[in-house]
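Notes to accompany the following structure.
Chains here go by letter, A, B, C, D, E and F, matching the order in which they are written, and residues are numbered from 1 within each.
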């Protein structure tokens, strides 16, 4: 699997923040009291459920930030599909440091692998169709870049990263601008040539105007699959059609089969259960 | 419901971080292009599913940080049980600002209310027993203080906040210290008189030694409910017994009925689905 | 002139940073030694050369951060064309605070108005053509968002904000990917449907392949105006053509008259002289 | 050339800030999509115009922060005079990292070398006179320490760094304190023995009083060269005389020949055009 | 002596802050002007008075942050008792860097060793009794974690770290809650099972109620030693008794001999004189 | 007493840091559990020993940051001499907030007033002489600007703020530069005209050379009062003489009577005992 680099300071900052939460001012008082400073251990991190891995960089950063003497080997990294019992990381180094970083490392790994696993479930469900699964801005506050990366690990793609990198014209914008056409024109006039414009519609009768406006993408929000199919027919591939609303592992196949190009899901980032992963001393 | 204050700079910092993710350098380019600066609107935030609310402070902070001219009234705040359709917040002010802050506000509200709702589900399930539902350190990185508060909103209680504020002696600590007794003694010798000590055991035959050591709390990790019952009988209320492992809405009642004092769940913080909430212009 | 909002924390942070540079640990030791704490003054900030204003928000933030008791009225704000002697801001409040914030306020105002004025010079020079003037990533480190806004104040438009919000395929990318077609395909495969793709070419014989690849924009880098004209002819409006390289107030008209759609200039951000502005007590 | 150290965290922080501007949350999406992670390259950074170099530390920091595996050799560092085509830095390492850091590195190098080059132009123009060229507080917000260093690279000297490290009594201070004498006395009474005091005058008739006050330096603001000459005659080397106002490459020689000790220029920091530098793969 | 780890980012951040105070924007201008960049030196840091050492990590961080080329060997580290003239650290490396970091390193070392030395004086004075010496929240702002560690170096123990990690019910809380019993009950009801509760009383007649409430610790505030003795007799070891108020090297023995378990002192953190330490070039 | 402004963000940042230390993630758990959110109180902060006040701004910031609803009136502010029992501040507002901010406010007030009081003791002891009492760089890490201000509150003056704002040539610099004269010349050549130069000598036979070099100030380090007297005689007021070393309340008068101009003391910042201050509810 080919993945882009994660910006390293984003990972480092998020991990530093999490370690500050966990270590506080007094640090790992249990390990300091009970384990000699000189003790070393070997340990593994393994999957306790099957899933798709994301968050390897955060795992590496957590152990490195707590104690650079801890050596961590990646056995199954970002984007890999693993089954219950698979060893993901092998660790070797000061026992205290391994225990002090353990929870933060696992919290990142479990959370992000949960996102990747949920994404993969949707991706798998639409196999053979043309639909691409993408995420939304419904991400966990403070973890957007990491979750967007986890979506790629799961085989999905990214929608815009924020309010700043693409235009998404919704009902309130249309109302304020006086219609789809003027809203689109206003965006085109103000914004640079490097910005894509998507228009959200929730009724089929808006479709022709949206296509005519020149929108790069049209979002069919909360439409029935019947309406989606009609939209695909009307569109005749003139623009990109995206579907959103009520996207679950159960519904996604039917949505994909309507012929839409893109299916966006908030669930894969805001509600994916954590993947069960654990650390064991050897 | 009586709730402690959330430390205000924790909320403010988390919200500022989330707004930076969403606004980037260019800001809300869609609203700026399509909505006049002078336009004002009224809007509501409502629940689209039933649940328990948490995160009101983050909602307030999000709108205030984007534009202090936005007035927000809290109709149903932290700890309140709401049903589908209930209005949670009423907003009034510049349209651009309301739209620019919307997603960040809803991301916090949905995530934290999801934690509160999941907690309440466990709390409800053990009604009539003596067991208290508590959270763990398995929290979303960067959001621990907020999620700990959401657990209180859902009627649960907090376990330790991090590695720093209480001792939890687990198998690796016991092994390194040479047994339960020496591990406990090491903690007592090193640490102040203000720190509680919990010992984790996973076999019944460790229980007497753990009680004898003087531990404030004993964690029964991944035991069967039969073993838990035996532990309760052996303990005779000499110390506090906590149960963990495989705690779900389905299993929690049986666990509580064993007579344990505390039931800790990672699920309520690491895997609670987001509560569906939405903002609509009036 | 209709301008988007500047993200407020970007302005606030940049101003705070500049004030820390200027005040250090000891503060404004001259004013504190010579001016009574209770003294108040009225002052104006005026243009000492003609130009276009940008940076009003930074001016407001500088005085507010030093002393919220200073009242500042904006007489000529962002995007306004002013002539020598025009009053831009009127101030009223504690004399010490006005003097302590003066230099930081003027440094922002002069620098950003310099960018706006340079931009306006190019924009004016291409009046009557279809060409749009846009800025590049050749900005002053730490001030990109402010300079991008100053470009809008001067009547220009923004190119991409950074490496993250649009694809720009240059010679090294083409070489690494094995040609224009595979480079474009790689970008399309990896990236979302919300990202525009520009391809930079420096020879006319690359043009057909670039158009055929499906690029949203093609950058003609450092071409002669003759070659640009040919490119426009070949293109037949199939894609957007952007020209860059050696863009000055003297050359820009000829470039625009070739029929290219976009002209990008690094000079307006990296080398625009500061606009002369000054503060005088009344 | 002998140069002081730049405080390393100032360089590191400024570079980190610039990289955050350029990489955003998604990073260098073009290079990640088109260039294999394993590709390595050699490259050079060369001058495309003659000038004086400043900013080598920022160049090193930019590549190191993006990828420590990139090796950078300095061929012509801070303070060196270079001609068009001279190689300044040689790079070797991961292609993606070189491309991702390129723009930030060049933005610092071009900007700071522009300041050094402008300074050198003034310094060269006064060769053979006693006048020293110094900078002012009219610096680019956020880059003061780096620009002050660039002035040294160009052969100039630094004036005070901010409001905090020396006293500069201007007209408003004089008015508030009730005259030059009382203003100086107030400064001497309040401030420590380690602080120098400069008094700004704009009329020759203020000179004797300023000298008599005991000022360490007297600033002749916007005076004609005739008045400057008279001031030099009157002063008889009793104190240091500094000239400011309308200092350009064309005027500076005449100012220096009046016999003033110091000539301060805002232009070298606020309006110096960027030095043209570029990176090429070998 | 067995000491817990200090959280490394706390040390690093505190040292970075102190270096920023000392180096400002211009750096160590004296050393840069007078000492060649290539000069290297050997130096030692020695005690100029007898005492107990704390702060070795801060010393190491100060030299490393200024110049990683400086090698520092620890001859007498945290918790060691030293006499006048003892060598504490040996340094070797660039002369400029050693001088630039010297004052910050010594400021930490002197301050924290002062805390450790004061603590040791109290600890020594109670030798042979059961009393433990503990610190309070009366710490120097910004240095709490470091001072708490210095107390351990001096042989003392830590009380709670802040308002967040243990309950301390004082007169105002008792008054607001309507008595000792209801205040304790309120704390027990709201707070988790991992939090200890201390009740402060200032009259003997409050003791029985405080014990009966179930408090983990009772603080006898500003009581006479006679009252303390009575309190010990009444308590019969049912709970832990802590004494505070007017604890000095002279009074502490008598307090300890009353039989109280814990003696808390603000003086060891807020008023301990700095230990005299100095750096000399060899 | 006339005092300069303290830079407000320095106070705000230091207070925010201290509040984070004290509130942690869970906040003031005692007050939240025992005191109703709606309860309000009046309280005073009073001196429990006589002394000189410093730190009023930090007190105001602490209560404001915890709860802006708390009203604080300053009865005796920075620079005021107070006696035991004097009311310094009157507070009115939410009880919880007052208690949550109390310790941080008192820690600043006690520490900084301790510095002011110690300074005043030295200042008082030299009354009638010409000597000025100044502080050094031997300050508490992280609090330098606040302590420098406290010295002014106590009637002292400030020496240089850091390594960056004045030159202090010591033995190692002299040795490296090859003597006093070359060291001074090196400083003069490298540094601007706005920087003062002090030379430290520890033997009388160095004095003439130091004066001849042109030094602005000469520091007599650890000399006997007899040597100081001789130095004053030799100097004949040609330069400023500063004395340092073994400066205590007992020794300072004799040092002042030697006729030196300046006496610098590290003790007033690094070892001043905290002034006893307390908060009581009315």
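Assume a contact is a pair of C-beta atoms (placed from the backbone, for glycine too) under 8 Å apart; a residue touches a chain by one contact, two chains touch by 3 or more.
Everything quoted here is computed from the prediction, not taken from an experiment.
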Chain B and chain F share contacts with A, C, D, E
Which chains, if any, touch chain A and chain C both?
B, D, E, F
Selected pair, greater C-beta contact count between D-E and B-D
D-E
Do chain C and chain D face each other with the same patch, meaning over half of the contact numbers show up on both, or with different patches?
same
Chain B and chain E have mean C-alpha positions lying a whole-number Å distance apart equal to 33
Please compute the C-alpha centroid of chain A, do the same for chain D, then give the distance between them in whole Å.
45
Using the average of all C-alpha atoms in each chain as its centre, how far is it in Å between chain C and chain E?
52
Contacts with two or more other chains, residues of chain D listed in rising order:
4, 21, 23-29, 32-33, 144-145, 158, 161-162, 164-165, 190-191, 195
Classify the chain contact graph as line, ring, star, complete or other.
complete
Note which residues of chain D are touching chain E in the complex, please.
4-7, 9-10, 144-145, 148, 158, 161-162, 165
Chain E - residues contacting chain B, complex
2, 4, 132, 134, 157-161, 164-166, 190-196, 198, 216-217, 240, 242, 261-262
Residue numbers on chain D that touch chain C, as the complex places them
14-15, 17-18, 21-36, 39, 41, 58, 95, 99-100, 103-104, 106-108, 110-111, 114, 137-145, 161-165, 167-170, 172-177, 183, 186-187, 189-191, 195, 266-267, 270-271, 273-274, 281
Spell out the residues on chain E that touch chain C in their complex, using ranges where they run on.
21, 24-25
For the complex, which residues does chain B have touching chain C?
16, 19-20, 23-29, 32-33, 37, 65, 96
